[in-house]
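See the structures that follow.
Okay, so chain A shows up in both of these, paired with chain B first and chain C after.
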Partner chain A sequence: MSVLQQQYRNMLNRYTHGKALVLLLALPALLIPTMVLCYIFWQAAPVLDWNFLFGTADGIGFGVTEGIFSQLVGSLLLATMACLIATPFALGTALYYRTFATPWQQQLLSALFNMLQGIPPIVFGLCGLVVLVNLFSWGVSLLSGAVVLAVVVLPLLALNTLATLERIPNEYSEAGSALGLTKGAIILRLWLPRSWRQLLTGLLLAMARALSETAPIMFTATVFSGVVWPDSIFSPVTTLQTHIFYLAQEGNDPLLISIAWGSAAVLVLLVAFFALLARLLPKSGGN
Partner chain B sequence: MVADLRHDDFLQAEPAGPLESSQNQPSAVLTVEKLALSLAGKEILQQVDFSLSAIGVTSVIGPSGAGKSSLLRCLNGLESGWTGGVKIDGNDIRQWPGGWDQLRRHVGLIAQKPLVFNTSIRANVCFGLHGWRQRRRADGLVKASLQQAALWDEVADRLDAAATTLSVGQQQRLCIARAIAIKPKILLLDEPTASLDPLSKQLIEQSMLQLAQQIPLICVTHDLEQAQRLKGQVIFMCDGRVIEQAASDQFFRQPQQIETREFLRWSVCDCD
Partner chain C sequence: MILRWWLSTSALLSSLTIVLVFGFLLQSSWPLIQQQGITFIIGDEWYPFESLYGMLPALVGTVWAVALALLIALPCGVAAAILCAELLPAQLRGAMRFSMELMAGVPSVVYGLLGMWVLLPLLESQLDLLTGRTLLAAGLLLALMILPTIMVLSEDAIRAVSQSQREAAKNLGIGWDAMLWRVLLPQAWPGIRVATLLATGRAMGETVAVMLVVGSIDRIPDPFYNFLQPAQTLTSRIGREMAEASIGSLHWAALLFCGLLLAIIAIGLSLLIQRKVVAA
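Coming up: the complex of A and B.
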């Protein structure tokens, strides 16, 4: 009896030690991001108000502006355009993967996209500068930035779509073709209703990703000031990401720094909004 | 038309010839010659030969893994890597006008595992119909198909409920209704009554016999008594080959092959 108790206590000790160790290692991973977030909002609090969010710069001042509305819209415009450009290609690739590709091609495709995902986005930015901005003479513009961003989020989007389509069981499609449905009908009437939620989730995650990318748009799409609203897809924009970057370089002006904090907080909220939406979506029904 | 041809008549009966001339709307006749299928380097079907009379049920029996489901999948084009010849009304199914999709509308298949789509019961029944307008205006067809599948009484008041809420047996009948709704000219059923209670089984068998007055049916079954009740022809398969084929009376009374006798008596088959 007492031996058993002893053993039990030993085990418990070992267990609590282990638990303490795991906690010790896990805590920083939890605490540091939380602290960073708190700090951002702490710093941003003084400037965050209605005017800051929905005011626009006069377009002349050097970042010392009443509001960041045009930056906010610029970020959203770029990210939305990038996702719109990337989606058809991601879908096409995934459909090819699921319907026509041989196992060998499937492996190649997923390896390729995994590799693409590992390429630093600044490399794409550089390519965009050389090819789109200069060679195609699109200039530093909304279009150039959107295309480069589309390339950056394409692997994410394509891999998500691949995984979604791969999760549809073969029997499901077969039950459809046994009824004489064509490939197109199977895709539209069986696959899409079944997986649109996951596809939309992927799209929202891609939005979040596109919103948080800075490097690829820095020299393809954005300027610091001089622009309030883009008049066409060939005009440059201002975005939150680059706004923060430029302001942070002016490290000694407390006003600019506080605007940077405010912009950062808004950007974090924006990204979090899309990421959260993506999380919540599949839970609201569906299979 | 005579529903159950005699064994020897059956073997001599040439496929399309006499039937084409005898009817305005010719019922499909199926002939299978030297059908062979290999999957993943394994021979699933070898030298399968048989033919189907214009109407009536043909039961396919045989031990598990004999290749019965695979045979049906070949006939419907879900499996396309086979060799040999399959002809319907004298037309090679590989050269079917409109391709495999059209063939599958002609040759309905009810799979072994019932799988309903994640929509309403009504939408499931209409799923194979072309065009959303047809699907919308198909109330009569939905009712008729569900009645034929012996499901109407249970779902009449909840046609718009999700099909996944049905029991497995009900889902199986829904799959039958779905296949009937596109009015196939040949119907292949893979163990259609495997998960049904005796009453539904009886109802389904009645429907099958009724349908079999118009079109040929192939019904894979593990239930030997069912094969007897369905009359018509019986094909006994083992290890990817057709061992014996005969009219059901004769098949069960006087099986010709040793393997068949063994199978009927002990439910084992040792055909190697």
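Coming up: the complex of A and C.
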């Protein structure tokens, strides 16, 4: 061991203000979350009322009308559609992993999903713009945005489903097949009853995630104004996320900024609602 | 039979997604590579109107923003994790974790709003800058956004260190600080490393919040360590210019190439993470 190393170790061994240092460094992490949330709601308080929540723009206003109901509905619609599209694929893939996949395929699948999860959402937005909006000529629409968002939440849902299924003891499935149950029956009668609560939790978390994404839907699904209600899945929508984004840049009108803060507070509440619901769901169907 | 068909199809489609993403990105950015070779990656001038598509300014900007964010969030987040795992009583620990989870759930566009209307004026008045839109603003905002990731995962890693290790350290009579530096942190290091890599990926891919505060000026900071200047990141460039580029133009191809770069870096990071997990 070199002298330098020895000195380093001695220094570490003699150091005694660790607790104070840790507390000092952790102070921002303790204070800032509360400050951030309080600030958002403090700024939003003047505009938050029923008219704000349930009023709609008249269709021609430049975001100046104070209601955000159509944005609220747009956000929820996009997130719900995204989860509906992603769920069969996520569930199917996770079940495939547990039933038919060879070890090699299992490794590949989990590696691919971890990669998919790491890819920035804006990249999916770009691909959606190239493929769905232009190549398939779906246009900037509810459907394009929902499919892009579905890809964003797919790894989250699939990995969660996988983790849930892996918690089911192997003996159950073995006992099931020993009794002559088919794979379909094992899935329906053994796995789903045991794990549906956790699957629902995953779905709620995916909703929260889909609601908080802005970048992937910016080019594929949303317009700033001119739309109150989407007529079909091929018409664009307005969402809370993009509403905040555009209003934040309208610097010269304090009213618009306060609407942005109001929308931000509503969006935070909405995301927190789904996250909390996921948390409060009873954990397991009895052991 | 139907079951088998459904499961295999969805598995196949889900795993094809990533291939398709790469395929389409490469295919759409191909015209640029065909015309200008691959050297534009290290070009330092981005002027779409003169067909100059140097990627270096945005790459440097991205690296700077991520590095600043990590520099701020890592000590803070790990300290909070230590505090939570080792020092706080159980109720406070739960409260703190809950507040971190809430913070992780705040959408990025809300952070963007905060950055624009709280952070920028603050920086302008405190640092006496012409504009608060700087790399520092982006770094600070990103630090806030990755703090929960680092803190929650590091806390899990520290709490996973077995109790007998702690008891052994106590029996040897070494103090709390020595135990922290010599037992807890080294043992939790693989977990903290994964947390850092995940946070790096998240910070790199963050778009909306960065876009609102970074200034979007395609210039390498001068001198290169000056983080009090406006700059551009890969994501903010895509976000700012995608709506202006006409479909099929070189500009369009260049922006898609930015996306391809992001995806490649993200894959690299996730390979690093997975190798670590397998080794541990």
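The rule is simple: the second predicted complex is superposed on the first by the 255 of 287 C-alpha atoms of A that agree within 3 Å, B and C clash if a C-alpha of one lies under 4 Å from a C-alpha of the other, contacts with A are read in each partner's own complex, and residues count from 1 in each chain.
Keep this in mind: a contact is a pair of C-beta atoms (placed from the backbone, for glycine too) under 8 Å apart; a residue touches a chain by one contact, two chains touch by 3 or more.
No experiment lies behind these values; they were computed from the predicted model shown.
Chain B and chain C, once both complexes are superposed via chain A, fit side by side.
Of the two partner chains placed by superposition, A:238 touches none, neither chain B nor chain C.
Legend: residue contacts after superposition of the two complexes on their common chain; A:267 is shown touching chain C, with no touch to chain B. Judged by the touch definition given at the top, the superposed model places A:248 against chain C, while chain B stays out of reach. Once the two complexes are laid over each other on the shared chain, residue contacts for A:118 go to chain C alone; chain B is not touched.
Counting the residues of chain A that each partner touches, chain B and chain C differ, and the larger count belongs to C. Of the two partner chains placed by the overlay, only chain C lies in contact with A:32; chain B stays clear of it.
By the touch criterion stated above, A:87 is placed in contact with neither chain B nor chain C. Look at A:193: by the touch rule set out above, it reaches chain B but stays clear of chain C.
Within the superposed three-chain model, A:174 lies in touch with chain B and out of touch with chain C [touch as defined at top].
Superposing the two structures on chain A brings chain B to within 14 Å of chain C, judged by their nearest Cα atoms. Considering their complex, residues 3-4, 6-11, 13-15, 17-18, 20-21, 24-25, 28, 75-80, 82-83, 87, 96, 99-103, 105-110, 112-114, 116-118, 144, 147, 151, 174-178, 180-182, 198, 201, 204-208, 212, 235, 238-239, 242-243, 247, 255-256, 259, 262-263, 266-267, 269-271, 273-274 of chain C touch chain A.
Across the complex, chain A is touched by residues 76, 78, 100-106, 108-111, 113, 115, 117-119, 127-128, 164, 175, 178-179, 182 of chain B. Touching chain C in their complex are the following residues of chain A: 12-13, 15-19, 21-26, 28-30, 32-34, 36-37, 39-40, 88-93, 95-97, 99-101, 105, 108-109, 111-124, 126-127, 129-131, 134, 151, 154, 158, 183-184, 187, 208, 211-215, 218-219, 241-242, 244-245, 248-249, 257, 260-261, 264, 267-268, 271-272, 275.
On the chain A side of its complex with chain B, the touching residues are 171-172, 174-182, 189-190, 193-194, 287.
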